[in-house]
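Listed after this line are the structures, all set down as structure tokens.
Consider the two complexes below, in which chain A is the common component and chain B and chain C are the respective partners.
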Partner chain A sequence: MPDVLSVIDRFRPAGAALVLAAVLGFASPLAALSPTRVPSPKAERITMDVGDEPGRISTEEVTIKSGPFARQMVFFRSNEAPGTIVIHTSEKFLYLVMPNNRALRYGIGVGREGFQWSGLVKVTRKAEWPDWTPPPEMITRQPYLPRFMAGGPGNPMGARAMYLGSTVYRIHGTNQPETIGQAISSGCFRLANGDVVDLYPRVPVGTKVVIRHAAQI
Partner chain B sequence: MASKGGGMMARYAAGVAVVVLAGGLAGCMTEKASLPSSSSPVAGGAYQTIPSDGLVGRWGLASYRDEKDRARTTAMARSQCRNAYVIKKGPTDGVMMHVADDPKLYELALKRSGDGKTYLGFAAPPGDRQDREVLEMSSNEMTMRFVDPDANTRYGTFIYVRC
Partner chain C sequence: MSVFGIRGLRALAIGAALFGSAGLASAGTLDEVKKRGSLSCGVSQGLSGFSEKDAKGEWRGFDVDVCRALAAAIFKDPSKVSYVPLSPTERFEALKAKKIDVLSRNSTWTFEREAELGLLFAGIAYHDGQGFLAMRKQPTTTALELGGAAICVQDGTSTRPNLADFFKTNSMTYREVLVTSPADAVKALNEGRCDVFTADQSALYAERLNLAKPDEATILADVISKEPLGPAVRADDTRWFNLVKWTLFALVNAEELGIGTATVEDAPKSAKPDVRRFAGVEGGFGKQLGLGESWALDAVRAVGHYGEMFERNIGSQSRFGIPRGLNQLWSNGGVLYAPPMK
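Showing the complex of A and B:
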């Protein structure tokens, strides 16, 4: 794990914009949160739809190794307590808040246009190699799919899942790590399997999760 | 997939002439792990075909990879009848089903290999890469897996429970 100085050095290409975003966007009180899109019945039906294919394999070892979406410690000024997860959908980053104005940052894939949301939730459940139930629309397109797939390497849910509140949304792995940094999901937040495996033990049930969807600065 | 599918169809059409499917259930598929009795060998004696009528119907379909997940996967398959996998009889006594990664339906046949294993697939020798191996079959439940190791790893073992 790089120390904070080397991270800040690596952080430089992203520029002050990210620091500014951290200061302006993440330090505001939670009471100011207002979902831009709340989970709707329609969203529930199509969660895990577009871009989620079972016909791919990604093991627990797959991580994002370079570039801004690689897991790294960063400078992160926030009023949130250490241990809190802050997700910024516009930047496609998940921050695990650490002491001393630092955070462990992971690159993520987020909901596609119209399926991004913000809010305050808690991790209500965790699962290793979670099961997957393709939505009916996906069965229509790929009728050869099983209607239920027990967890495993070919499963689009990936190696780990953390369930967010009572919503249908999750922080989970993926069998398509190339989609990290993209807006392709139906509202879930996906990490490369190796990264979600790294995050999983750091996040106990009950962890506060702040999802922000702010305009790019 | 289209070209692959077309190739599959051509392959089936070329081979279907040698596939002889016995008619009727003839007491098949009534006991778990008791596969249908074979019909006469096909020309050349390479393999035998088996009546496939017992596959026709609506099935709850689910898959697993780890044996510890089998029981609950079977339960999940049983609960999937609202979105059932429908198997219809094919034009030449096979059944209309999908192969891996292809949304088109093809006529597939049950085949028995010399070592006693049963496969479901195109009119090719049993154990062909595009076949499914039939692990268990009864009137109400079937267990299959793809012969292709890659497809088997990705999709796992399929459990069909009759609706």
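Showing the complex of A and C:
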């Protein structure tokens, strides 16, 4: 889910951010699955320092057109059935498994350090231009966020959303396409609006979603 | 007297064993490298992303990082490498003539090069293969949709017969447009004389950047030939061969274990046996290679794990943006598989 980093920035050095999140009882049960680790200075430097911008307009047409995060067909060996979604959090890619060792790959924005998770869920609901109701744990962390925002081009949830299991996490669009390829969200997976519009009809409710994270030492 | 005799024999046998091993070791590449104080690494004369000199005159790239990882494993210092730029024709001779210790120069591992030239490939650092760069005008997603296309192919290369074979196998026709160089192919694509260019995928990603409108071209996922690239050594020194091979494996194992630039300093404190062996806290594997116990960590400290090395030089953090594809870990949809360190 989109959110603002600047709140956490005040508590640097970054170890404090996690402590803060823990004190405030952050996130859902799934988030607790991923081991919390103090971000290294290096990881912090590559973190994009940008907050949500509710009201900023991004249309359905915006796609990532060039570079590695552009939508493209890639070679992908997998034991997962075609149609399955595989998300590699550390790589910042979402793969839609296709037959014949192929996958359609989309660049995504993922949870910032401490907000990344892995697991196996299903798409339980789909919505076009979804409303945004930041969950209580996000409001606790970022009290200035709106309690509710109606769907539309200025909504941080973007053009489409696919709800993951019973978690607070979604695969959704964004009104900030420049954040694709970054680790800045609260655990959601965001695609540029044009790309999420492309993915949406390919993913029926019930689709298996595998979220993978790099090994922890 | 008899007791003395047995002792004497034993002493003689031990002495001979010691002398024998010392004799072998002194002829070894590792000892020569250590004595010289630097690793002599054969690289290309300039290939973007793999080995080229940057503006400051320093060698950079994927193949260069393999040299740096080796130097770090041996000396704890990745800068102790002297680079020897080699042309395709002189590269194997230079290795055989001991002008270099290891060849890390986008060379394809083939039967002939091992059996006939007396070389050993230490492993596959990069799985390359012939692919297709197609203009987006037609929404092509696989090479099987290329029937009837005008295809640019470089004359006098193995890519030309590969192309013919692929189309024949799949009962498709195409119009061949012969070009003399990759630059010529880019010109032909810009002018619309051909819709598709076929070459090794690594080259296609580099050439795409030279197009007038790179966004209008896509590189198809299909790979129609096997071009496994990796470092090569002389076949007469298995100890050195093992060192190069296991340094390469270490980079792959590091990615699988989650040991990267950000976590390398925490690795010795890990509770996981795999990670502890890798870090040299347990097992004593460094000594078996003739290196310090932290050799594997030193290599990762220098260049990161395989994934980091890939992304930085040719992957999503570089201007080429080559997808991992086959060069992904076996557990993540690729074919990279390194034996365990135990």
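Rule of thumb we're sticking to: the second predicted complex is superposed on the first by the 149 of 217 C-alpha atoms of A that agree within 3 Å, B and C clash if a C-alpha of one lies under 4 Å from a C-alpha of the other, contacts with A are read in each partner's own complex, and residues count from 1 in each chain.
We take it that contacts are C-beta pairs under 8 Å (C-beta built on N, C-alpha and C of every residue); 3 or more make two chains touch, one makes a residue touch a chain.
Predicted model, so just to flag it, every value in this text is computed and none were measured.
The partner of chain A that touches more of its residues, comparing chain B with chain C, is C. Of the two partner chains placed by the overlay, neither chain B nor chain C lies in contact with A:166.
When the two complexes are overlaid on their common chain A, residue A:142 makes contact with chain B while staying clear of chain C. In the superposition on chain A, A:150 contacts chain B only, with no contact to chain C. In the superposed model, A:65 lies in contact with chain C only, and not with chain B. With both structures placed on the common chain, the touch criterion links A:78 to chain C but leaves chain B unconnected. Within the complex, the chain A residues that touch chain C are 40, 42-43, 65-69, 72-78, 86, 88, 91-92, 95, 100, 102-103, 105, 181, 212, 214-217.
Residues 60-66, 69, 72-73, 76-77, 80, 83, 85, 98-103, 153-156, 158 of chain B are the ones that touch chain A when the two sit in their complex.
Chain C meets chain A in the complex at residues 141-142, 214-215, 218-221, 223, 255-263, 266-267, 270, 272, 275, 315-316, 321, 323-326, 332-335.
By the touch criterion given at the top, residues 54-57, 131, 136, 139, 141-144, 146-154 of chain A touch chain B in their complex.
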